[in-house]
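There are structures below to look over.
One chain, chain A, links the two complexes that follow: it is found with chain B in the first and with chain C in the second.
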Partner chain A sequence: MKPLKPILPLYALLVIGLPLAGLGYALLGSVGVVGPLAEGFTGRYWQALAHDTGLLYAAAYSLWIAVASVGVSVGLALLLVLRAQPTLRRGPLPGLLYVPLVMPALVMAFYLFQLLSRAGWLSRLSSQLGLTGSIEAFPELVQDATGLGIIGAHVLLTFPFLTLLFQAIYQESRLAELGQLTSTLGASAGQFRRRVAAPVLLRRAAPTVLLSFIATLGAYDIPLLLGRPYPQMLSVFIATKLQRFDLRELPAAYLAGFLVAAGLLGLILVLLRVLKLKVKN
Partner chain B sequence: MRSRLLIFFLLILFALPFGLLGLLAVGEGWRFPDALPPAYSLEPLRGLVAADNDLLTGLGQSLLLAGAVAVLATAGGFVVARAVARSRRPGRWTALSYLPYALPPVLLAVLIQPFIIRMHLSGSVGGVLLGLLVVALPFATLLLSSFWTQRATEYEQLARTLGCTPRQALRRVLLPLAAPLLRTTLVQTFLLGWFDFGLTNVLSVGKVRTLTVQVFTYVGEANGPLAAVASLLLLLPPALLLLANKSALLRKP
Partner chain C sequence: MLTVSHLSKHFHDQPVLRDISLRLAEGEVLAVLGRSGCGKTTLLKILAGLETPDTGTLTLHGQDLLPVPPNERQMVYLYQEPLLFPHLTVFENVAFGLRIRKVKEAEIKRQVTELLAELELSEHAQKAPHQLSGGQRQRVSFGRALIIRPRLLLLDEPFGNLDAQTRAAMQELFGCVSRQHGITSIFVTHDSREALTVGSRLGYLERGVLTSFATVAEFIQDPRTNIAAELSFWENIQRTANLSVAE
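After this line comes the complex of A and B, so read on.
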């Protein structure tokens, strides 16, 4: 193969240049320098941020959803890998865990809406069984204030993938043999799981868990279908602001987009540094 | 006993989506509080073969976009990964390739949209393709970077020493060696384009109606049966890929 000189500059232009140019455009848009109704430099959109709690609520809500979803997914995956090892090694379970990998997030959200909403299938079953008398008697499981439906959808998509990942690490790290060794040295099965297996699995899977966390933080498809108009997750909040017909709202939307993008980049840098420090220690 | 219970529970958990979506697709007049449809009809499925059917157009657009993303990203990623491996600072290029992951697809679309508009690509398949490539190309590059080790370079040099032209070395040595990884990258980048909704929805401004966009539209119109048919169509190619090669679905860069 001949070396192609302009490949890397072209790659940089597309993959790094375009997003960074977008970030710069958003920053300039937030101070009124660019955009359809640009009137020259102004700091009023940044000043207005102090009185607008929408972005802050969206950030806090997204953080809650991401922590809960990834936390529950990691917990379930650990439980399966550490407690159901024989079942995971044979039989149909490993094959079953691949099934959610073929589901687009939007389809999962639509399915959960049909299953868990007040007119959904579970509500119908409970009505037929005489457990609830009317639609209103069924608990609000989707489009609820705490985001139960959104968390459930993310858990259903993430925990099978994490289980397969943990299982691969379990086998690669020869944790079964380490378990026998710790048992010979007098440790109980619980001590092996808590002090040896779980830390090894979590440390080696940390970058993937971090990526899952960031992906959930910026989720769009699932909260768009299963979320409420307020509070919204970050991606939905920004996209909704940008798609409004009032062009005067564009600078505020650019500001939100810039802050979220810069915040996520900063968060990733901090988390990567923390992970590196932990791995070194 | 406990293991059988676990398998039974997960079987129900993961089979239920297919069952419920199937019932929704063929159920007629299915209203609360009926647990099962009072009647069944194949009308939404029959409509699929009608020439003016939106779903069929959406299926075609989704296949076209995801296919183009897969081919371009895999071919591009193969070449870029080689250039990265032979650059002075491969580690820095690898780190920079993670940048598009830091941003959610919708946010990325929002950020690059002004430039897509200036390039007169807004609302076109080309604009959506460009947006998807911003995510898929670095993904493919990161996946394929594991191929360009010292050993691959040595094989290439050996083939050249034995009289191969650069093209022959690529066709007869490098591509066969990289075939398994190239297949995995094709599958993964295809799914990346196939599953996408947010980026396509923002950059297409309602004009490129892929299957995911149609699912959302039908849900908005409270048209459950057509949303279910579109959802089942969305599940079909990934399910076939899963049957063909499940390990290709799991690998991450």
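After this line comes the complex of A and C, so read on.
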């Protein structure tokens, strides 16, 4: 065990120390103590937060995108695992599910942009086929107000991963045998899915689903390419503020970054506690 | 009550069950002895409706069972492992069969509480399956089956994973509960002692062929059950021990 001793503090420093230091720096930056134009302690950036709805709107928009993306992904993965077991056990589908997993998020976003934008392939095809009068008549599927394109890209990346995870849990939890057992106890296939299979899968996959949710909430590449300048997702909102040439905007960006990071950490702690309690009960 | 006639089943041209016929009266426990791969599980799964036979008929109280889906047969199949629902407490595991039948809450509470007391599980009612011992888990599995008052209980080496002491206790419990509730069951095992302990009727399954025995003596005398050989082995041991004491 001795050789591990110097590695452990180093690892702790990397995964806890440095992010906490970053968080501390952001907090200090938001009160004007550090930063290029630091003038000493001030609470004016925090006070200005009450009048700036941008951060709140970005948070609400990100929450919507994350809930919709993870919700649709979980739904699709559950549907496949619970209703298409023979297809998932053989044939090309299991192999095909790995394809999106090796695709970088930016590539997926770019591909969807090419496919779904008004100047994209689908729009041109529908215009050629006479389904839409002109390219402009094609519905806004990317860079739209509701974030359909962003949700679509996240679903394409997340649902194959969740399907593979659910399938592994399905086999490990012997749900096929539990299905046979419940049928001899009198349960219909639907009752087995609702009362046994879905709860077992969701409970075991809950920590991973939670991590997917957090990752989607803080996603950057996809909303950058498929989102609008307004509303923006949190990461894009903060990055835009940080990268502005006006250095006086920096404290506000630090403040936004601090609040988002602290909020996400708080959310993780609360959800993990809820999950732990549920598993205990 | 249960009549099985000329039942056969093949898997990939390999015969698993050959012309099986048996009759089982209400309240009887047919203990079927057989080695691994003799077709025991397939026989039980066909009776439960989880497999379909190639030929043969199954009737229960005169009703043709073959067109009846497993969830309408009221014949519970118990695996070697308890296979409890991991997300439910002991109480909810036992209550499962009543909940899917939409029985009223008060009635569920009464029936499950009574059964848990009978199975000596009352103090574990709110525990999760992973907090129980192997024997306790098997008792919960047994209770989950009993609560729906099955017309036939199909047990596939249910105590195979338990240690000798717990296994003996479970055999005794099974005998008591079976008699008390008048349960008709087919109990499959590879342990001749277990077969003799739990069975009111005895059978031997080998390479898909079932032999039914009219008496316990016939079962013991059949060389395939290996009981006579085992008795002789222990008698020899006893004799040798006595001789060495005398010397």
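Following the convention adopted for this analysis, the second predicted complex is superposed on the first by the 277 of 281 C-alpha atoms of A that agree within 3 Å, B and C clash if a C-alpha of one lies under 4 Å from a C-alpha of the other, contacts with A are read in each partner's own complex, and residues count from 1 in each chain.
Note that a residue touches a chain if its C-beta (ideal position, glycine included) is under 8 Å from a C-beta of that chain, and two chains touch if they have at least 3 such contacts.
The model shown is predicted, which means the values in this text are computed figures rather than measured ones.
Asks: For the overlay on chain A, clash or fit between chain B and chain C?
Replies: After superposition on chain A, which the two structures share, chain B sits beside chain C with no clash.
Asks: Looking at A:87 after the superposition, I want to know if it touches chain B, chain C, both of them or none. Which is it: first, second, both, neither?
Replies: first
Asks: After lining up the shared chain so the two structures overlap, which partner does A:100 touch, if you call chain B first and chain C second: first, second, both or neither?
Replies: first
Asks: What angle, in steps of 10 degrees, lies at chain A between chain B and chain C when each chain is taken as its C-alpha centre?
Replies: If I round to tens, I get 90 degrees.
Asks: Touching A:65 in the superposition: chain B (first), chain C (second), both, neither?
Replies: A:65 sits against neither chain B nor chain C.
Asks: Tell me which partner A:196 touches in the superposition: chain B (first), chain C (second), both or neither.
Replies: Touch status of A:196: second partner only.
Asks: With both complexes overlaid on chain A, does A:222 touch chain B (first), chain C (second), both or neither?
Replies: After superposing on A, A:222 lies clear of both chain B and chain C.
Asks: Looking at chain A, does chain C or chain B touch more of its residues?
Replies: Partner with more touched residues of chain A: B.
Asks: According to the stated criteria, A:128 is in contact with first (chain B), second (chain C), both, or neither; which is it?
Replies: In the superposition, A:128 contacts chain B only.
Asks: Could you grab the smallest C-alpha gap between chain B and chain C in the overlay, to the nearest Å?
Replies: Minimum C-alpha separation, chain B to chain C, in the superposed model is 21 Å.
Asks: Show which residues of chain A both chain B and chain C reach, each in its own complex.
Replies: none
Asks: Of all residues in chain B, which touch chain A in the complex?
Replies: Contacts found on chain B: 2-3, 6-7, 10-11, 13-17, 20-21, 24, 32-35, 76, 79-80, 82-84, 86-87, 93, 96-97, 99-108, 110-115, 133-134, 137-138, 141, 156, 166, 169-170, 174, 194-195, 197-198, 202, 212, 215-216, 219, 224, 227-228, 231, 234-235, 238-239, 241-242, 246, 249-250, 252.
Asks: Note which residues of chain A are touching chain C in the complex, please.
Replies: 173-174, 177-178, 180-188, 191, 195-196, 199-200, 203
Asks: Provide the residue numbers of chain C that touch chain A in the complex, in ascending order.
Replies: 48-50, 69-79, 83, 85-87, 96-97, 99-101, 144-145, 148, 154
Asks: How about chain A: which of its residues touch chain B in the complex?
Replies: Where chain A meets chain B, its residues are 1-4, 7-8, 11-12, 14-16, 18-23, 25-26, 34, 80, 84, 86-87, 91-93, 95-108, 110-111, 113-115, 119, 121, 123-125, 127-128, 135, 156, 160-161, 164-165, 168, 208, 211, 214-215, 217-221, 224-225, 234-235, 238-239, 242-243, 253, 257, 260-261, 264-265, 268.
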